Structure formats: structure tokens, C-alpha cells
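Let me begin by handing over the structure; questions about it come next.
Order of writing sets the labels: A, B, C and D. Residues in every chain begin at 1.
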């Protein structure tokens, strides 16, 4: 009986100490490690250099433009890339190798490049580029124009979406500030 | 020991509390719920540039022009093409299926050769060699069946058959077969074309013009166009037939009459017209008059059909007083009608002076054929497939050594299924070009899958019922998904192997040539701003700029031509009527009144995957189909609602459940067609029964044509 | 309690001429594929089958030969005062956008089916199982609408995606996306109906055909006396058909 | 000390309990049922609700009926709590514990079923994060979850009073403190519970396009809101008595005095009387106002056998008038009448919840649609049974090890 009480007394102190340790530990894990663990990192199938192309004076709109019906054409097809990169160059420079890889794997096989699009919205979201023409692309998109190597693509291991996919509250905030409707079907389909 | 336990508890407690102040629980809860909208096993929708291309529906007999929506080059949706005269923006449930049927589970993935009970895949080369050898051996006794009423492919098929020594080139029986026979007997050439657009009073004898008869989508558009919603209709439609089917449902009047009595009704109306002084200088008028007055007075008709004299009198008056009356005759289920009723119906048009008039009937000329040695459509339609196969079965006709089956499913789509199957068994070597594993393909020795319409070049030339000559293009808008080939190419390749010269190397050339030939036809034009019926009504036809025709067709416009071929005078063929149309006693036995609907597909397509949803549970419930009788008949046969019954006829039994439906004539048993497939996929297989198999084939006196318009059935 | 009608400058409405409907089912076929509804193997259990657009067979309940039938296509009625919206606990369905189309947001829906219970028109369908397409057929899915996982409620949206497309087209053409021409935006069923029995447009816009049609003496709406204020109108010159649009006491 | 001996030391002070073996058998049986239900539950989660008998006509079925019934009968907890702690009817302390446990069982069970019933359980928290304040169901989600916590808080001290646990000073004090603040929770509980009992009724009353269920009301609350509250607090106490009586039958020991039970029944009966009055008024208004307005007649609300009028009369006569008489007249002194009354009262509420859930949906509002049938299938039955089994298990354990019945010792003195 005696011993038990003393035990409990000391125990309570120890308990508090360990509790503190647990508390701090949790914070470290939660803020430090967890966010990294949540996303898997992927690299683009082809190391496409936007800088090289923009230095050649190619306008963004040449590859990324609106269709006649106002729908965004999105990414250029293998065919349109092949207009310039139709044949293997045999060039041994890093870029040259990458080009040949593209030609070999996609132009020759006629496949489309499975680009990882940082901003793709879920299927259930409708986004009209025509309606947002007034804005700078970089207001929502990563500014890849100045990248020689495309930035890594982070995929949420749980939800499967890109880390850069704009969250609904962000869309809503901007719509609200612009006085645009936030009705469900303005964006959802 | 106690200490440790508590320490641990502390650690856990602290950790838990701490975690609450980190993103872990909250982010996880959020992402988990986001995961539920992105489940990996739920298909993603395709991304890519959207565009629209035009083609024509080949699966649907109505031949609608289509606008196909594509994403990144892949077809997604088939919609109506507003600028196509046979669509005017509308599509049937069947035409809508053109896209997704590309991936139908019933598709045949590659050429196959029978070995024993099953099939083994083979290469196209092997297939050609095999076929060349077998057909070479079968020379002189090669027959062919085509289910395609409108394609130039028939020219290649029949030419090849002829060169191999034809034992007959047949077309699957349809409205066109009957009509062709009737026209032949009336001494005219060409295909009867009905100008609904300009008619203001239409008497429909049997024909399900808004569902299965002819250019049904265009018919409906023409019907609707003159009926502004909620306002007084600018046209009148009267339907005569055994049930209030989809057509009768929207007609201004339904006159119940047995399918067997359509001729009687027509002549009954003729009696009134003649009495009112209608006359004609066409050959055989006097005999006709004699026949009509001889046995088709109001009382005779009443006795035979139960139709009150005043009913027909009113209709006759309405026809006579209408500006542009039109009489159209056909089978309530799209086949099996004799020639006589069509003649009888047509004679009404003659009495009313409706031949080659706006809103009337014109005998549309055939488009020039391009393959040397090919049969004309008229010649093909003249063949009588059921009679032929019955002959083969009974041994009266020698069985052909080889049979080529294109776009046809005779093992399912013909009456007296049992007999026909036996006949097919007697033919040693059978080749099917079907795209789907249908009942016939399952019987064949070689199956050489045809690419689907969206994967091949093909064409649609003046479908039966069209009021004008029309030609539209079917073109490949996607690479074949399976290892299939355009049958046209296969046949031409085969011809080369057998060193038979058919003038063409591939089917696309044939089509190109066909199109080129159209530019030489005078009066032809591309329907863009001016539609053919407007021309029929007197608007000048625009000139055809030859060079652009192919482009125009590719863009989804149709080549059309109005007016009829130069004709010898059309005769009444009264002697045929005298023999075939009898105002006798009404049938005492129970008569089957089948009805067909495009949503259940054709014998060739089977049940389109999406269409089961469209079938009401009064037609199919679980795996049982329903027959429809009215309460009077039900009482007479002591049938209860929902009761399971067995129907017997032509030596075949079919299961069914009973649905009480008052809009069926007494003594009639309405039964849906298009069910009871034994082949195809899980969307078609084992769903209900094939009531067409209950129909026994009889020979029509006077015309000798096979008919099965009003089969008797036993119900137990 | 039954709330008030929600008014919007644009009111998309459908007018269905029952006297022209042959009941062929082309509208249903158009809807299914347009909106990525799976092809259902066993669709004869109508209590489980999903068909945003559904054709009902109406009868005057008389015996032969006085019997008559009519076909009534039934999309979502897009009620001006929707019974389904106020009951949703998570705002997965709402009527808050110009045009008055009742929205249904699948990623928000928790699948409680309260809206299914509240809707007297049975336009709401629940995902009882995950949707399955035959192998390869998912390549023909439309990008305009999303695929629903099991466990959420779905319904006709008047092909809302076609409206957004029409607005985009207008923007590019420099036209006013809020004032579309008649026919610039029509639903899939309306576009493909072979009989032209269906009409669609802005009921409030005098330049649109439906604006006049809804005033027809033969026009009626389903269950008007419940105060749902639907945006789908039916037209029939047959009185018995119009009578079937609502419940009436013997005395009425 | 053998396990048998140790186990004995866990019993409440001075009571007898059946042998451990016997108890284990009892638990075993219940366990089997529960496991079967659990299996059904997993099937539902794995394949979706297609495995149930529900369909697009009957989005609500056995599960919702079960939930509503269970929650109504569980209402004894908050109401008795209210009377005991706020109104201070001291005598009720002898049965309050039982009502708390019953409440806990009913609500946790209902929650379990609800998580099954929603198509996307992982999203259920949306009810909090994206609430639609106009939806009665939102109110239900709020109140039920909150009230479940209250019930837990009320249940915990009972657990802590277990002989062995109570030896730990910290927990002993904790239990004591909690008892002190119990009136507060009783108050909160009463508030929450009243509200969601009401909003459950409101759920149906607001369906203005479903004439069978629709009701006018006061401010935003349809009459069903108040009727559901009344019927719940009427049947709740009766249910408690039934459970108590049942336990006495099973254990063969007296657990409370007849006086207490009788008092509970009197309370229930009184509430039932009030409910009856309003229910009749409501029904009258429904038949003579709501239905005619919708162009429908009373007869059109019934069909065939399962949807026949007999149910209606069962609910409104057999299960209202009769129990009121049994429970509010001297008849109550006779156990037979008291229990019959209690049973009928509870049955009436169950019928009421059933017709509002199923018949309201079966009744065809569109003139060209017809009555449809609904039959729950194995998956729904199994899961519902699981919850019942779960309830029995909790109750058995609590009875065996917790001092629920203050009077037990005294009443069972040899």
C-alpha cells in the first residue's frame, strides 16, 4: 500500500515528463516529416526545356491556345511537336539525347506524351480558360517558361491529385473578390 | 513496472494532444474524402482537343447523317446532323450507338476459323487463302446474302458471286423487298419514294413509319415539322394496323385492322373513292374497278375486318378532299408483307393522282452502278431468300456449295427460324463478314469481321422510303480497334487471289468512283441551303459543282435528286389483287402481331449496350419478354396479368409473360421483336424470346412472294 | 414551409410536346451517353436502373377500342422551388445559379438519399454499385461530365456542360455569354429527338421559342399544386393527358 | 486466485451474479449474431449499398426506420435525466443509470447504422464542415453526434464506479466530480435530444412534395417536429421500464421497486396522452387540409395489405388510446396492464416511424406512377440485428459489473 502510493506520486511526475516528450515529438513529426511523406515525387517523361524554346522566340500561344469553340487546346500533340522534331538528331548533348528519346519513344510510335500537368483539376471540375483570358497564366500556373528542367511533380499519395492543383477555396476566394458567382455549377460538372 | 506503464500512457496522451496541433489528422481526413472522388477503379474521362466530324449511320436502317464528337481524335458521341436530309438533327437510339458499339463485348476481334464447336483465330492471309481455295472449289454454286439495302458493297459482293458462278445473290427480306415486287408487278421501275414533307393527309396502312419503316427519323421530322407544339396540326395522319404502336400513338386516328387485312382496307377505301367518281387512265383500271366493286363494298369490308363503313367513308372523303394526300403501305414489323397490299395501297395513290407529285409518290431511279457484272438493287430485291432457303431445306433447290453472308443474320432475322437453320446447315461452306458474333456467324466456317462504320469507307444510297434520291458517305474516323478489315477490301483482295477482275483494288476506289458517277447524274445537287423536299415543292434545285462533291459528302452533306425515272405507264396489277386480296371471314385463331423497335437494334447489331435501359419493364423483366393482349382477348384465352405462357408456331415454342395492353386488337397477340438472342453478348443473350421464329412462311397467291404477315400461334 | 420560388434573370426551360412523342427512347439513349451513365446489364428492375431522362407510358385507362396512350419524357424538372435542395445536409445540391438549373455536386454528396426521398418526380438516382463499362468502352466517355463513383446521388442537369460550352463559344466570338441566341444551348435529348417533340431555351427571353410555348393553353406542368414551380412544361391537346399531370379531387 | 474468483471480485458490492460459464455462453450467442451483422457491414462497405434491398424509390428503408425507432425509444435517457437532475424527481435515481446506459446503446447503435446508410461514410464529416443550416438532417447530425458525447460523459462515471476501478483514487475523484456536474450535462442532453428528436420528425414534415409526410407547422418547424418529440418522451420511459422488467425476468432478481417502474410508466403515459391529443389534431388537419390541397384523398394514402389502413388504426387506436388507459388509470397497478401499455406505446412509435419512412415513399405522388413494394434484405436485417446484439452485450456487461441499481442489494436480501 505504502509503496504503491509513492509509486503513483513519482509516476505522475514521470507521466507529465513523457507527456511533454510525446507532445513535442508529435509536433515535429506533424510539421516536419508528415508533409514530405504525404507526397510522392515524379519527373516529366521528357525533360522539356521551356527556356530553350522561348529563346527561339516561340510564343506560348503557339503551343498553348484556345480552340475555335473557346475550349483550351491544352498541351501540343506529339504530331505538332514532330513538325520540328520529326527525326532523331544523333546529337550527343544532353538536350539532343532528350530530343532523340522523344522522337524514338513517341514520334515513331505515334504515342502521345503522358505529360504530368501540375494544375490539372479533377474530372468533376469545369474550368474555362476563355473566361479567364484576362489573367496572367502564372497567376495559377507554375511559371515554367523560365525553367530549363521542368520542376518535379508532387502527387498526393492519398488523394492522387497533384500538389499544385488549385484548391476549391482558392477558386472561391478569387471569384468572391472579383464579384463572380460561386454557384456550384459555375465550376462543377 | 507501474512507472513504465504510466510513462507510456503519458507518451501516448502527450503525442495525441500534440498531433491535434499538427496537420496530420486534419489533412488526412480531408485527403481521405478527396480520395473518394478519385477512386483508382473509377474510369477517368479523356482529355484533349474536341472536334466534330461528319459521317452517316450504317447501323441504323434510317440512314441518318451523324456528327461525331471526338476528343483527341477518338470518337465520343454520335449526334444528329442538322444539315443532313435524313437526320435534320435527329438520331434514333440505334444510330446513337454507333460510337460505343465500337467497344461492344460482342465484337469479333480477329478473323476466325471454325474448328469443331469452337473458333480459332487466324491471320487475314490464312483466311484469304482458305477462302480462295474453298470458293474456287465451290465455283458455280456460290450464293450470297446481304443485309445491307443501301450500300455499294452489294455491287462488289454480287459481281464477285456472279463471277464465281452464282447460285443466287439475295437480300434479307424487308419492306424494300415487298415494295420492289409490287412495283415490278405494276410494271414500273425504281423504288417507291414517299414525300411526307409535302403531304397534308397521310394514310398509313400498317407501316410503322415512325419506328422501323424506311427513313424513320426523317419521317418523324417531316411529321413534326408541320405540327407546331400546342397549335392545330397542318397535317393529318391516320394509322391502320393491329396495334397502337409507336406510330399510331401520335397519329390523329388509329383504325384497328389485322395486318392480313391491309389490302382489304385499301380496296375498301378504293370502293368509296370510285363511288365518288375517282378514275384513272392507267392500264388495268377497269379490271381494278370490277375487282373492287365485286367484293369490297362497305359490308364486305365490315364482315372481313370489323371496320364500320362510315369509318372508311370518312377516311376516303378526307383523302379526296385533301390537297396532298398520300397513302403508304408496309408491314407493322418491317417485313413479311405480301406485294398485294402494297399494290392496293399504291392504287389508292393512283386513284388520287398522287404519282410523281409533290407530297405524293415517285419512282426513284437507281444510282448508276460502278462495278462491272454487279446486280442492280432491283435485281437483288427480286430474289426471295425465305423461299430459297425453304427450298434448300426441303431439297427442292440444290444447296449452294458456299455461302457468303454480309451484314446479315439469317439464322435469327428470318421467320421459321427452325427451317432456316436447317437450310443453312445443308450449305457446306459458309463465310460471315459480321462485325459481331451473331447467331449466323456462330454457324459459319469462317468469320471475317467487318470493320464498323466508324472504321471504314461505306455509303448509304437512297434508303427505302426516302422521298428523294439521296447519297451520303460513311467514312473512317478512327483506326480499326480490333484486327478487322473493310469487307469491300477483303472481297476485292479475294477476287485478285482468284484472278477475277472487278476493276478495283480497294473499296475506297469503288466509293470514289460511285461519287464521281453521281456528278454525271442530271438534276442531282448537294442539299445544303435547299432541301430536296423544297425542290419537290417547286423551289429550283441548285447546280452541282462536280469537283466539290467528295468534299461536300465528307463534310456531312448529302447528294440528293428529286423526281422519278422515265416510266412506262403504271398499271393496277388488278389480277394480282383479285387473287391475293380476299374480303373473307375474319381469322378465328389467335394471330401474332409482332412489333419491332430500333432501340432493340437489328438482327445484325443485337441489343445496343445502352439501350436495355430504354426497354420498359412491360416488355422485358429479368430474362422474360412480355406479349401484349387486351383484356377481352385475355378473358377469351383465360390469361392473367403477368402469367407465364408458352407460344407455339412453325414448330417452335417461345416463353412469355402476359401484359394486358388495351391498344391491341381483339384476337391479336402483340409481341416485341429483337429479343431472345442466343449469340452476341450479355446485353442481348438470353434476354427474352425471338417471336419471329414462330412465324410460318406462306406463298402469296398472285405474286408468289413469301409472306408471314399474320402468323397464327397457339398459347398455352 | 414550402419555401419560395427562386427567380433568375435567365430561366432555362424545356417544353415537351407529348402529342409528338412516339416513345422511341432516343432521348434516353442520347442522355445516357452524353452524361456517362454506365450501360446497365440488368436494367429491367426499374427501381434500380439509372436513367436521368425517363419515358413514361400514360394511358387513359379505357378498354379497347377507346383506349389511348401517350408518352411522357421526364428529365429533372429543375423546380423553381426544389423539394430536394433545402433538405440536403451538405449543400451538395443547390439552386443558386443564373439559369435556375438545380446543381448536383458529386464530390460533395455524402449519399444520404434525403433528396431522393424528397423528390416526387423520381429524377434522382443513387449509385448503388460502382459503374462498370465493358472493356475499352471507357474510351468513349464524355469529358464534359464526370464519372460518378458509387454512393452518391446523380440527376439530370439539363446538360449544364453544354451551357458552359456555349458561353465559351460566345466569349471567343465576342458575343455576350449571358445572352445566347435561341438554340445556342440545347440539351442532348432536345438536340437528338427525331420527332422534334422537345424544345429548350430561356423562358424569360422573348427571342426564344419556348418563351411563347409555355403560354399555350395546352401547356401544363407536373404536380403544379405542390408548389414546385418546375421549369419543364408539357403540351398536349388531349385533356386526359393534361389531367394526368397532377392529382385532382373528384370535385375538381 | 482462480480467474473465477477474480471475476467475482469485479461484481458490485453485495450482489449475486450467474456463473461465469453461463455468462460466457450468453455472450457467445450474442457474439455470433453480432459477428454475422459485422460481416454484412463489411460487405456493404466493400461493394456499396447495392447489396441491400434499398432502391431509388426507397432510398430510406429498414435502417432509417430502425434508427428513428431506436432513437425514439432511447429518449428515455434525456427525459428521465431531465426529470431527475433538473426537475429533481429524486425517486428516479433508482432507474436513471439504466436509462443512461439504454440511451448510450441506442444512440451509438444508431450512429453505427447511419455510417452504413450513407453512401460515402468517409465524407460524413461534411455535415459539420459544409453544413446546410436549412436542412433538418444537418440539425440531426449535429445533435445526435453531440448528444452521443453527452451520453458517453454520463456513462463514464458509471464505469468508473466499478468496484476495482473505483479503488484508483484519481479515477474515484474523477467519477465524483463528474457526478457533481451531471445536472449540467443532463440539461445539455435534454436540449440536444429534444432538438434532434424534433428534427427527425421535421425531416419528414418538410418534404412538401410528399403529401403523405408533409405537415404545416410553427415557424420553421413542421408539426411532426413536436409530435416526434412528444412520442419519443412518451415511449422512452416505457421502454426503460420494459428493459428493467425484462432484465428482472432474465436475472430472476428484483432490480427496482414496482413503485419506480409505475412512476416511469405514469410519466410515459401522461406524455402519451398529450401526444395522442396532438396526433389526432394533426391527423385531422392532414386529412382535411394537406391532402385536399395536394388533390389527394385519405383513401389514396393506403394500398393493398402491407400499406393498408389497418396499420393506421393500429397506430392511432390500439397503440395510443389503449396504452393511455393502461398507464394512466388504476389499471397500472396490475403488472399485466402496465407492461401491455408500455409495449403498445413503444410499438405505436415504431409503427409511426415506419410509415413515415416507408409508406411516405411508397405512396405514388405522380398520377401515372404506382405503389411500389419494399422488402429489406439479409444485409439490412443482419446489420440491424448486430446493433441489437451489441446492445444486449453492453447491457449484460454493465449489469454484471456496474452498480446500476441502487436498490438491488436491498430488494434481494434473503
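Here, a contact is a pair of C-beta atoms (placed from the backbone, for glycine too) under 8 Å apart; a residue touches a chain by one contact, two chains touch by 3 or more.
Note that the coordinates shown come from a computational prediction; the quantities given were computed from them, not determined experimentally.
Between the interfaces A-C and B-C, more contacting C-beta pairs are found at B-C.
Remark: the per-chain Cα centre closest to the mean position of all protein Cα atoms belongs to C. Centre-to-centre, using mean CA coordinates, subunit A is 37 Å away from subunit C. The distance from the centre of subunit B to the centre of subunit C, each centre being the mean of the chain's C-alpha atoms, comes to 30 Å. Here the spacing of subunit C and subunit D, counted between their Cα centres, is 40 Å. Taking the mean of the C-alpha atoms as each chain's centre, subunit A and subunit B sit 52 Å apart. Of all residues in subunit A, those touching 2 or more other chains are 8, 69, 71, 122-124, listed in ascending order. Across the assembly, subunit C contributes residues 45, 50, 91, 106-108, 130, 143, 145-147, 149, 151 that each touch 2 or more other chains. Looking at subunit B, residues 32, 34-37, 44-45, 47-48, 50 sit in touch with two or more other chains.
Taken pairwise by the contact criterion, the protein chains fit none of the simple patterns, being neither a path, a ring, a star nor fully connected. Chain contact summary for the complex, subunit C toward subunit B: residues 15, 17, 19-26, 28-30, 32-34, 36-37, 39-46, 49-51, 55, 57, 59, 62-65, 67-71, 106-107, 130-131, 133-143, 145-149, 151, 188, 191-197, 199, 213, 216-219, 235, 237. On the subunit A side of its complex with subunit C, the touching residues are 66, 68-71, 122-124, 126, 128, 130-131, 133, 181, 183-186, 188-189.
Residue ranges of subunit C in contact with subunit D, taken from their complex: 1-3, 45, 47-48, 50, 56, 58, 72, 83, 86-91, 108-114, 116-122, 124-130, 149-153, 222-223, 225-228, 243-249, 252.
The touching residues of subunit D, when paired with subunit C in their complex, are 47-50, 54-60, 117-121, 123-124, 126-127, 130-132, 134-138, 140-141, 203, 205-211, 214, 216-217, 220, 222, 292-297, 300, 360-361, 365-369, 372.
Contact residues on subunit B toward subunit C in their complex (touch as defined above): 34, 36-37, 39, 41-48, 50, 69, 71, 74-77, 79-80, 89-93, 96-97, 99-100, 102-105, 210-211, 216-217, 220-221, 223-225, 227, 229-231, 244, 246-247, 249-250, 256, 481, 597-599, 608-618, 620-622, 630-632, 662-666, 681-683.
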